[in-house]
Amino acid sequence: MDTDTANPRPRPEATKAGEGELIRFDRVTKSFGGTRVLDELCFSVAPGRKVTLIGPSGSGKTTILRLLMTLVRPDTGSITVDGDSLTHETRGGRLVPAGEKHVREVRKKIGMVFQQFNLFPNMRVLRNITEAPVHVLGLSPDEAEERARELLDLVGLGDKCDAYPSQLSGGQQQRVAIARALAMRPRVLLLDEVTSALDPELVAGVLDLLRDIAHGTDITMLCVTHEMGFARDISDEVMMFDSGRVIEAGPPDKIFTDPDHERTREFLSAVL
Amino acid sequence: MDTDTANPRPRPEATKAGEGELIRFDRVTKSFGGTRVLDELCFSVAPGRKVTLIGPSGSGKTTILRLLMTLVRPDTGSITVDGDSLTHETRGGRLVPAGEKHVREVRKKIGMVFQQFNLFPNMRVLRNITEAPVHVLGLSPDEAEERARELLDLVGLGDKCDAYPSQLSGGQQQRVAIARALAMRPRVLLLDEVTSALDPELVAGVLDLLRDIAHGTDITMLCVTHEMGFARDISDEVMMFDSGRVIEAGPPDKIFTDPDHERTREFLSAVL
Amino acid sequence: MTWDWSVAWDFLPQLLDGLLITLEATALGSVLSFTLGLVWAAALRSPTRLVRWPVAGVVEFVRNTPLLVQLFFFYYVLPDWGLQFSALATGVIALGLHYSTYTAEVYRAGIDAVPHGQWEAAVALSMSRPRTWFAVILPQAIRRVVPALGNYVIAMLKDSPLLALIGVVDMLQEARAEGASSFQYIEPYTMVGIAFIVIAYPASLLLRALERRLGH
Amino acid sequence: MTPGLWEHWLLPGIWITVQLTVYGALFAGVVAFALGLARTSRLRIVRFLAACYVEIFRGTSALVLMFWLFFVMPLAFRIALLPMWAAVLALGLTYGAYGSEIVRGAIGAVAPAQREAAVALSFTPWQRLRRVVLPQAVPEMIPPFTNLLIELLKATSLVSAVSVADITFAAQLSRLATGESLQIYGIVLVLYFVLAFLLTRLMRLLERRAKASLGQLPPPRTPLTRRLSATREARRATDLTAPGGAR
Amino acid sequence: SRLPDGDARDGGNLLERLRSQGTVRLGIAGEIPFGYIGKDGKFTGEAPEIAKVVFGRLGVGDVQPVPTEFASLIPGLRSQQFDVVSAGMYINPERCRQVIFSDPDYRMKDAFIVAKGNPKKLHRYEDIVRTGAKLASGTAYAEIGYAVNAGVKESDIAVLPDQLAGLLAVEQGRVDAFAGTTVTVHNVVKQTGSRRAEATEPFQPMVDGKPDIGAGGFAFRPEDTRLRDAFNRELHRLKKSGELLRIVRPFGFTEAEMTDLTAEELCRK
């Protein structure tokens, strides 16, 4: 548990100077039962950027996504998304810890796809996708359904509307999960090792879909992956994590071919 | 399911001609749910011999030991141990299927050590060893305890008398299990992959112990193992199994260096 | 043993009347216990101790004290508090409350068995808490708990004769009345006993079949 | 509640309830073991008969059985049991049937390898059961048996219906004498709760000792409410208290 | 234990056995004023008090109460849980087929517990039929029979565990009337000091147009005729000396409840 002063380290910014910021982590610290997983982490992401998070297991990548999705709360520091703080809100002119309602508002801007898909097994595919637009965004069922069908066509599952998740392969489930996240029209899409629970022959389909989304939309993407080829292909920026810190960040060509840090080099040589 | 005549095959005898036989399998067949695991198996073992059974997984090695231990009964054929049949008994001058009592008498001549040790978790180490001598052989508790302590010294666990099995390492448990089997003074000791459930660093201790027993006693041993070095070291004889048949048998030097059969050669090259 | 068919025959209509009440009490008791149990299960998951602890206390208390005494308690005490119910209603309340402490446990187990990822997915979709409960968690939990709940229905069926002791005219009360007025005990009581087995056994077979079907 | 009622009825009633629980539990235990073992018998017919018994006694209502033993037995078989023993019989027969499921489950849960090890040491079938299987199965039975015991304690209140002067019966008399329903039933409910609590603690002790006899660490301390409801996994596993399951 | 077989032709030796034990077990039903447990936890009541005196004179010094439900009195007697039913049990032909009775120690009319002011003007069973009022009575009470005979449908009668439950039911308006014997009804109203209910004047229940006199006595097992006869002898002496009335007066009984009827007459009805 070293302190900041005792251990100066680089603070790479993921944005180019002058650009707007969509996501900002400011000195965010998070510990689980005594072990500090994130250590005064600072970084920001500009709108529309596709950022890939890489790093060894346990380095805190998932934790960052979960913080953004408000599945966990930071111990200290602040996180802002599109100018709204996830951790604080101003109420009556004073800055107070964010309430559930405020958090839910900010959360609507963020979508997430999980490693284990987490589709709702009790709903058919179509309802998995329309459920939140109808009950959270307040879309009419017809409108939501229309959008859902479009998305299902996009992910290549137009004919599976009435299937239950358990009737689909893992790859198909993951594509439904992506459609479900997109149906909320989030500004940020978080993807946590979305292919690592899939059988090898199903991985390609999902990656292709994500590639299309990355290139065809201006959605901001934060993507944790071990698929380096894919990372290189879609990212504007790669952030290398170790022990809860960004040790290096930059365009994929730079990071994958000529990293500055020994640790990155090691990591890449191990996974490539 | 071929018959004997349709498929002639070698019938290696594990004994040298003229020697007495302690164990004899005579045309023993055993099927599990339609698949024939042993197919008219014949072999015999002379007293005091140390025999190692080798062969690919599923070839029926464990089944042979379990047949001898009467944990399973053969479908056809007969098994004799020290002249007593395990499968039949003469009662009132007639040969009838062996009853529980007869089987139990024969069984006393055989001890077995299992892959998973199978110590009794509800008894301390000492009682694990004395329980059967006292209640099966009818030894006095004092006598049984004395013998147990000797055996525990032999296996190098003289100080663990009062421990529960769960408080011992795997290697220690296996050594207790060997002591437990020896406490019954069996004429035959069956050992089924006794080291394969152990962490690598614990294997040596158990094998050393067995080596001592093999060299230092005249107990007959039937030993299933994948430790070829050990097999070579202790065996008088190695039997190679495949698909429920002995395809080759002979002294270890011969089998391990110059086997007659292609199958044996293949197997050895795979495991060595 | 002298079995008199004519007595048995004469008792049959009363038995059937009683059976109706028995089934009614069981059905209503089940509905009540299923609902209340859910309330307890939800309360026991409340983030505030102020809710959790008292509810846990009450549930433990009710679970560990006899239904019969609770029945008397409600039957004789509720009116003092100005709450007036028929004997049957009182019985259903006691039965439902008592068994709700068991069904709460069943729900708890069922809810715990829903994978954590389902909660997270709901959060990631910004769904509200109530919506998460009713659209995502409960539908999955209920499916798992149906067989266990069914077991409690059978248990309630077998406990429903207790209501006779506060004057509900169920099967047992019919038998008691018959015995008291005609001094015929053998046939009525035996018939009631058999009636329970005849209902409970197929019901439990049915449940086991259901369990197997939902079990996968 | 007057001192006279306490002295003449409630205190003796507590004693009767305790006796009923103890005798009922002992009898139920015997029935449970006999049936549980019968259900693992090699003989089909033994298994079948035991299963029939369990279905019948799990299928019927304990209260109805009690009335049957109390009213029908004397007439049908000319055998009159003291109400106390009729009650113990009814409780034991019923809860023995539930208990047999626990016994069967726990015996089934002992690893087959343990039996094999016992065979390899030439134990007789009885020795295998007595020295290897039961010592391992019994500790597993304790948590579900604790639940069953609480159910039995609660069921003793049924005996008041056949005029055994237990706590509940004393409460009835006291209510008739004083008309103070709230106070009396309140006291009685608390009494039962305290008894249940004590029983649970007692069984907990037993469980610790049993676990220790397997060389395992004592179970971790749990909050009070958990302790009272005994281990939930056990409850789920045996489905015990679901009387078609749980009891 | 195995029950002795029915007809002991010699009339039984129970009295001798009781004398040597020095104690007799009385079945009581928790019904005020006939036999009940008082606030002090001791048992008392009209019938037990008479039994104490009579058995005392018969040489059995101690009486021991066995409280039970009214409906369990006869089965309990027959299965030897107690020796005498001492609960003021009405003597009627059905019961006479199960047990034998002493001569009655009291006779009694019925009364209702009704709401204060008796708004429905209920005075006898016929009024129940006429007004369609909801009637309740106790488990195994003889009043159920009277009501049915007067034309009340049996299934319409709420059967409650005891008179206290009856009083509550009336107070809460669950039923319009609770039928019981005069003294029972009056006692419970008086004892609880109810402000919402009252007891009606006693009335004579009729069966098939003729007055049906309710009279209660002590019940014995059929084989114990000698004990019953000895009991009768002492009971008659108490009646003659007027001692009987003195014993039962504290329980609300009056001259009007005294009777010279015999069990034989009542069994024949």
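The chains carry the letters A, B, C, D and E, assigned in the order they are written, with residues numbered from 1 in each.
Basically, contacts are C-beta pairs under 8 Å (C-beta built on N, C-alpha and C of every residue); 3 or more make two chains touch, one makes a residue touch a chain.
Bear in mind the structure is a predicted one, so any value in this text is a computation, not a measurement.
Via touching contacts only, the remaining chains, with subunit D excluded and nothing moved, are grouped as A, C, E | B. Of all chains in the assembly, none touches subunit A and also subunit C. Among the remaining chains, E is positioned farthest from subunit B, on the basis of C-alpha centroids. Ranking every chain by how far its Cα centroid lies from the centroid of subunit A, the top place goes to E.
Per-chain Cα centroids separate subunit A from subunit D by 55 Å.
Mean C-alpha positions place subunit C and subunit E at a centre distance of 38 Å. Remark: subunit C and subunit D have CA centroids separated by 21 Å (rounded to whole angstrom).
Contact of a single residue of subunit D with at least two other chains is seen at positions 71, 161, 172, 175. Multi-chain contact residues of subunit A (touching two or more other chains): none found.
Of all residues in subunit E, those touching 2 or more other chains are 75, listed in ascending order. Listed by chain label, the pairs that touch are A-C, B-D, C-D, C-E, D-E. Against subunit D, in their complex, subunit E makes its touches with residues 1-3, 5, 30, 32, 36-42, 66-69, 72, 75-76, 78-81, 162, 164, 191-192. Interface residues of subunit B facing subunit D in the complex, by the touch rule stated above, are 69-71, 100, 104, 107-108, 110-112, 114, 116, 118-124, 131-132, 135-136, 163-167, 180-181, 184.
Subunit D meets subunit C in the complex at residues 55-56, 58-65, 67-68, 71-72, 75-77, 150, 153-158, 160-161, 168, 171-172, 175, 181-182, 185-186, 188-189, 192-193, 196-197, 225, 228-229, 232, 235-236, 239, 241-247.
The residues of subunit D lying in touch with subunit E in their complex are 2-9, 70-71, 74, 78-83, 161-163, 165, 169, 172-179. Those residues of subunit C that touch subunit A in the shared complex are 115, 117-118, 120-121, 123-128, 131, 135-136, 139-140, 143.
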